[in-house]
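First chain A sits with chain B, and in the next complex the same chain sits with chain C.
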Partner chain A sequence: MAMKNRLLYVISVVALVLPFIFRNVNFQHIMIMLLIFAGLGESWNIITGFAGQTSFGHAAFFGIGAYTSTILFYKFGISPWVGMLLGALFAAVVSAIVSYPCFRLKGHYFAVATLAVAEIIKQLFVSWDYVEGATGISIPVKPDSFWMMQFHRSKIPYFLIAYVLFIVSVVIAVLIERNKMGYYLKAIRESHEAAEALGINTTRYKLYAMIVSSAVTAMFGTLYAQYILYIDPFMVFGLDISMKIVLLTVLGGLGTVYGPIIGSAILIPLSEYTRAFLGGTGKGIDLMIYGALIVIVACFEPRGVFGLFQRSKKRGAQYAKTTA
Partner chain B sequence: MFLQVILTGALIGSVYSLVAVGLTLVWGLMDIINFAHGDMMMISMYTVFWLYTLLKFDPFVSLPISAGITALLGVLIYKFVIKRVVNAPGLMALLATFGLSLFIRNFAQFLWSPNYRFVGESILSGKRIFLADLIIGLPQLAAALGSIVMTFLIALFIKKTKTGKAIQATAQGRDIAELMGVNTEKIYAITFALSGICVGVAGTLLSGIFPVYPEAGAMYGLLAFVIVALGGFGNIWGAFYAGILIGLTEALGGFYLGTQFKYALAFLIYLLVLQFRPKGLFGW
Partner chain C sequence: MPRPLLEIQNVTMKFGNLVANDDVSFSVNEGEIVSLIGPNGAGKTTLFNCISGFYKPVSGKIIFDGKDITGKSTHEITLLGLTRTFQIVKPLKEMTVKENVLTGAFLHAKNKKEAEQIAQKVLQTTHLWEKKDMLAGSLTIADKKRLEIARMLATRPRMMMLDEAMAGLNRTEVKEAMELCLMLNRDGITLLIVEHVMEAIMPISNRVVVLSAGKKIAEGSPEQIINNEEVIKAYLGERYYAKSRQANSRI
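So, the complex of A and B:
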C-alpha cells in the first residue's frame, strides 16, 4: 500500500516539474492535454473500471461542463470558475436523471444506452439556436486573468489548473478505490446478482459512481473550453471524445488508478505529435498511423500496458525466488 | 403523404436491417463490438464506385465483386486482429476494432480524398414507379428488396446448413462446440465473412442512392449498434424488425419534427423500448 502511494507521489511530482524544465510551448501543450485526458480517464474509470458499467457517452458530461461555463461567460460574463462548479452540478443532475432508467439495462445494453444519450444531447445542442447550434461559440478573448480563466502570455497557468484538477480526480479515484464504496463497486462489477444478494444496494452505488464520475468529467470540460477558447457540439459532445477516454484507459489498464495515467502518457503525445508532423496535409495520415498503432498495441498486449508491468514484476519475483 | 413517409422509412429501414444483421452475427457469436463495421461498408461503396468509373460496371453487376471484397476484408480482420484479442479481458477487443475503424477510414481518405463521389448511372437510376399517389424510386426499392432477400438468405443459412448450425452451437458455448468437433476458429472466420457479405451488399445497394466518401459508413455503423441492441444481441430477425422500426422513426420524425432530429429520435426510441424490454425487442 505504502509502495503504491509512493509511486503515485513520484508521478505527480514529476508531472508537476516537467513543464518548468522543458519550457517548449508544444511540450507544455501536450502536458496540459495529457493531464486533462488522464483526469477524464480517472473519472470514467470510476463507473466503468470499478463498477463495470461501460459508458460510451462521457462526452455528454464533458460537453455539459464545457457549455455551461461557456454560455454563462459568453452571455452573462460570469466567471468560468462559477461555470465550472455549476457545470459539475448540472452534469451530476443530468447523469442522475438519465442513469436511473439506464441502470435497469445490463452489459452492452447499458453501453449502447449511454452512447444513445450522448448522441441525443449532441443533436439537441446542434439544433439549439440559443447556444449558436452547429456553428459553436468562440469564447471572447479577455486580458489575462485568473478569475476569467484566460491566459495568453504563458501556458503555465492552464497547466497548473489542469494539474490541480488531475490531482483531484486521482485523489477521488484513490479514495473510492480504498474505501467501502470501491469494494461495493468492484463487487457489482464481478457479479451483479451476488452483490445484490450480499445486501449491496447496487442501483444506489452505481448512481453514486455515475454522479461523481460525471461531475469530475464536466469540470475538465470547462477547462478544455477555456483552454481551446472555442467549442461546438461535434467537438465536445462527439463520440470521438467519449472513445478517446475509453481508449486511453483501456490501453493503460482498466480499473486501476495508474491505467489512465499510463494510457494518456502514451496516447496523447502520440496523437499530438503525429498530428503536428503529419497532419495538416488533409490526407488523414496522422489518424491512419494513430489507428494502426492502437491496433498493434491491442493485438500484442491485450491486457493493457499496466498488465505488462504487472507481468514483468511477477516474472522478476519468480526469478528472485528461483535464484534464492 | 403519411403513406409516402411510411414507405420511405420502411425502404431505408430494410437497408439498416441488413447492416445490423451483419453486426449482430459477430456481436452475438463472439461478444465483440466491431466498430469497423460501417467502414467495411464504406469500402464496398468505393469498390462499386471504382468499378463503375474505371470499368463502367453497373452497380448490380459489381455486387458479387464488392460483397466478395468485404467478405475477404472480414476474414482478414478476423485473422490478423480479432483472433488476437477475442479472449482479452475488458474492452481490449473494442480498442482494436476502434483503431481499425480509424485506420480504414483515414486510409480511404488518404487514397481517395474526403470528397463526395457519386455513382452516376445504373440500370435503375432515375427510374420510378407510381402506385396510386405514391412515388417509389426504383434504386430505393431495389435496395430494400435486395436487403430483405439477403437477410432472409442469411437467416436461412444460419438455420438450415451444417455450417449455420455450427455457428449457433459456437454462440451457445464455444468449449462444448469444440468438444463436438466444431472448428471454432474456422466458424469465427466464416462469421466475419458473412458479416462482410452483409455490409458488402448493403454498401452496393446504397451506392446508387447516397454519395460515396470516407465517412459514409460511420452513421450506419453507429445506427447499427442501436439497432442490434434494440433487436436483442445475436438475434437476426430482431435486428431486422428493429432496423425497420428505426427507419420508420427516422422518416416520421424527420418529416414531422424536422430532419435535424431524426437521429436523435432513433436513439430515443432505443431508450424508450429498452425501458419495457431491457434485453431488446426479441431478447430474453
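So, the complex of A and C:
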C-alpha cells in the first residue's frame, strides 16, 4: 500500500515539474491535454472501471460543464470558476435523472443507452438557438485574469489548473477505491446479485458513482472551454471525446487508479504529435495507431498496460522464489 | 414455545402458467436448523429467491422477525439480518478472499478498521485466513462455497439460508461443511438449508420440510421424513415405492 502511494507521489511531482523544465509551448500544451484526459479517465473509471457500468456517453457531462460556464460567462459575465461549480452540479443532476432509469438496463444495454443519451443531448444543443446552436460560441477574450480563467501570455496557469483538477480526480479515485464505496462498487461490478445479498443498495451506489464521475468530468469541460476559448456541440459533446476517455482508460488499465494516467501518457502525446506532423490530413491517424495498440493489448493482456506491469512483477516474484 | 423467526405464509410464485411454489407455508424457529428438500424442480431455489427478495411472490406473506418482508429488496432484507448464499456460487472473482469478506463486513461496521476486524474474525473462524490474499476466482469449489458463507457471515446475520452449500463436494469437504453449519448454529445463527446430500443434512437438522412440484408434501423431524410414504414416492416414483413395499413385506 505504502509502495503504491509512493509511486503516485512520484508521478504527481514529475508531472508538476516537467512543464517548468521544458518550457516549449507545444510541450506545455501536450501536458495540459494529458492531465485533462488523465483526469477524465479517472472520473470515468469510477462508474465503469469500479462499478462496471460502461458509459459511452461521458462527453455529455464534459459538454454540460463546458457549456454551463461558457453560457454564464458569455451571457452574464459570471466567472468561469462559478460556472465550473454550477456545471459540476448541473452535470450531477442530469446524470442522476438520466441514469436512474438507465440503471434498470444491464451490461451492453446500459452502454448503448448512455451513447444514445449523449447523442440526444448533443442534438439538443445543435438545435438550441439560445446557445448559438451548431455555430458554437467564441468566448470573449479578456485580459489575463485568474478570476476570469483566461491567460494569454503563458500556458503555465492553465497547466496549474489542469494539474489541480487532475490531482482532485486522482484523490477522489483513491479515496473511493480504498474505502467502503470502492469495495461496494467492485462488488456490484463482479456480481449484481451477490452485492444485493451482501446488503448493498446497488442502485444507490451506482447512482453515487455516476454523480461523482459526471461532476468531475464537467469540471474538466469548463477548463477545456476556457483553454480553447471556443466551443461547439460537436467538439464538446462529440463521440470522439467519449471514445478517447474510454480507449485511454482501457489501454492503461480499467478499474485501476494508474490506468488512466498510463493511457493518457501514451495516447495524448501520440495524438498531438501525429496531428502536428501530419497536419490536417492526419486527423484520425492517432486513433488508428491507438486502435491497433488496444487490439494488441486486449489480445495479450486484457487488464491493459497496468496489467502487463503487474504480470511482469508477479513473474519476477515467482522467479525470485524458484531461484531462492 | 420457541418463537418463529421466519414465517412463510401461503406463498405462491408463478412464472407465466408455471406454478413454481404452490401455497407453501412453514416457519423456522429461532436457533433451529431446518432443511428444505425435494426433487429437482420442486421449487426450492424459487422459494429462496422469494424469501430473499429476488422475486416477489404472486401471493402470500413472508414474515421475518415480526416484520413483513414480502417484496422488499434483497439489500433491505440482508440489513434486517436474513441473508443467503447462492447455489451457483457468485464469488467476487477479481477481488481477494479478504476483500470479499470485507465487502460484507462494511454493512454493520462504523469504519474500515472495524470492518477489517470483523473480516479477520470471520476468516479465522471459517478457516480461510491462510487463503486471504488469493483471488476469489482462483479458489477450489469447496473454498468458493465456504467463501459464500464467510462473506455472508460478515454481514452479521441472525439467519442464513444456504442454497446447496454442499453439492459437488467430496466426503471430507461435506464433513467440514457440516461442522461449519453446526458451528454457525452454536453461535446463534438460525439456518435454513436447501440440500441434496441427505446423509449430510439429516444428522444436523432439527426439522425437515419437503417440497415436491411446488407443494409442501411433508414436514417433521428427520426420522419422520425418512419414513414418510409421500416423500419416498416423490423421490423414487410410485413404481419404486410399490417395489420397496414388496421388498419390505418380504423381510
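The working rule: the second predicted complex is superposed on the first by the 301 of 324 C-alpha atoms of A that agree within 3 Å, B and C clash if a C-alpha of one lies under 4 Å from a C-alpha of the other, contacts with A are read in each partner's own complex, and residues count from 1 in each chain.
Everything below uses one rule, namely that contacts are C-beta pairs under 8 Å (C-beta built on N, C-alpha and C of every residue); 3 or more make two chains touch, one makes a residue touch a chain.
None of these values were measured; they are calculated from a predicted model.
Contact with neither chain B nor chain C is seen for A:M235 once the two complexes are overlaid on the shared chain.
By the document's definition of touching, neither partner reaches A:I261: not chain B, not chain C.
In the superposition on chain A, A:I47 makes contact with neither chain B nor chain C.
Touch criterion not met for A:L165: it reaches neither chain B nor chain C.
Once chain A of one complex is fitted onto chain A of the other, the partner contacts of A:L34 are absent, as it touches neither chain B nor chain C.
Overlap of the chain B and chain C interfaces on chain A comprises residues 255. Taken in their complex, chain A has these residues touching chain B: 54, 101-102, 104-106, 108-109, 112-113, 115-117, 119-120, 123-124, 126-127, 239, 243, 246-247, 250-251, 254-255, 282-285, 287-288, 290-295, 297-300, 302-304. In the complex of the two chains, the chain B residues touching chain A come out as 27, 33, 80-81, 84-85, 87-96, 98-107, 109-110, 113-114, 214, 222, 225-226, 228-229, 233, 258, 260-261, 263-264, 267-268, 270-271, 274-275, 278-280. Contact residues on chain A toward chain C in their complex (touch as defined above): 178-180, 183-184, 186-187, 189-191, 193-202, 255. The part of chain C that touches chain A in the complex is made up of residues 52-54, 73-75, 78-79, 83-86, 90-95, 99, 102-104, 106-107, 112, 115, 151-152, 155.
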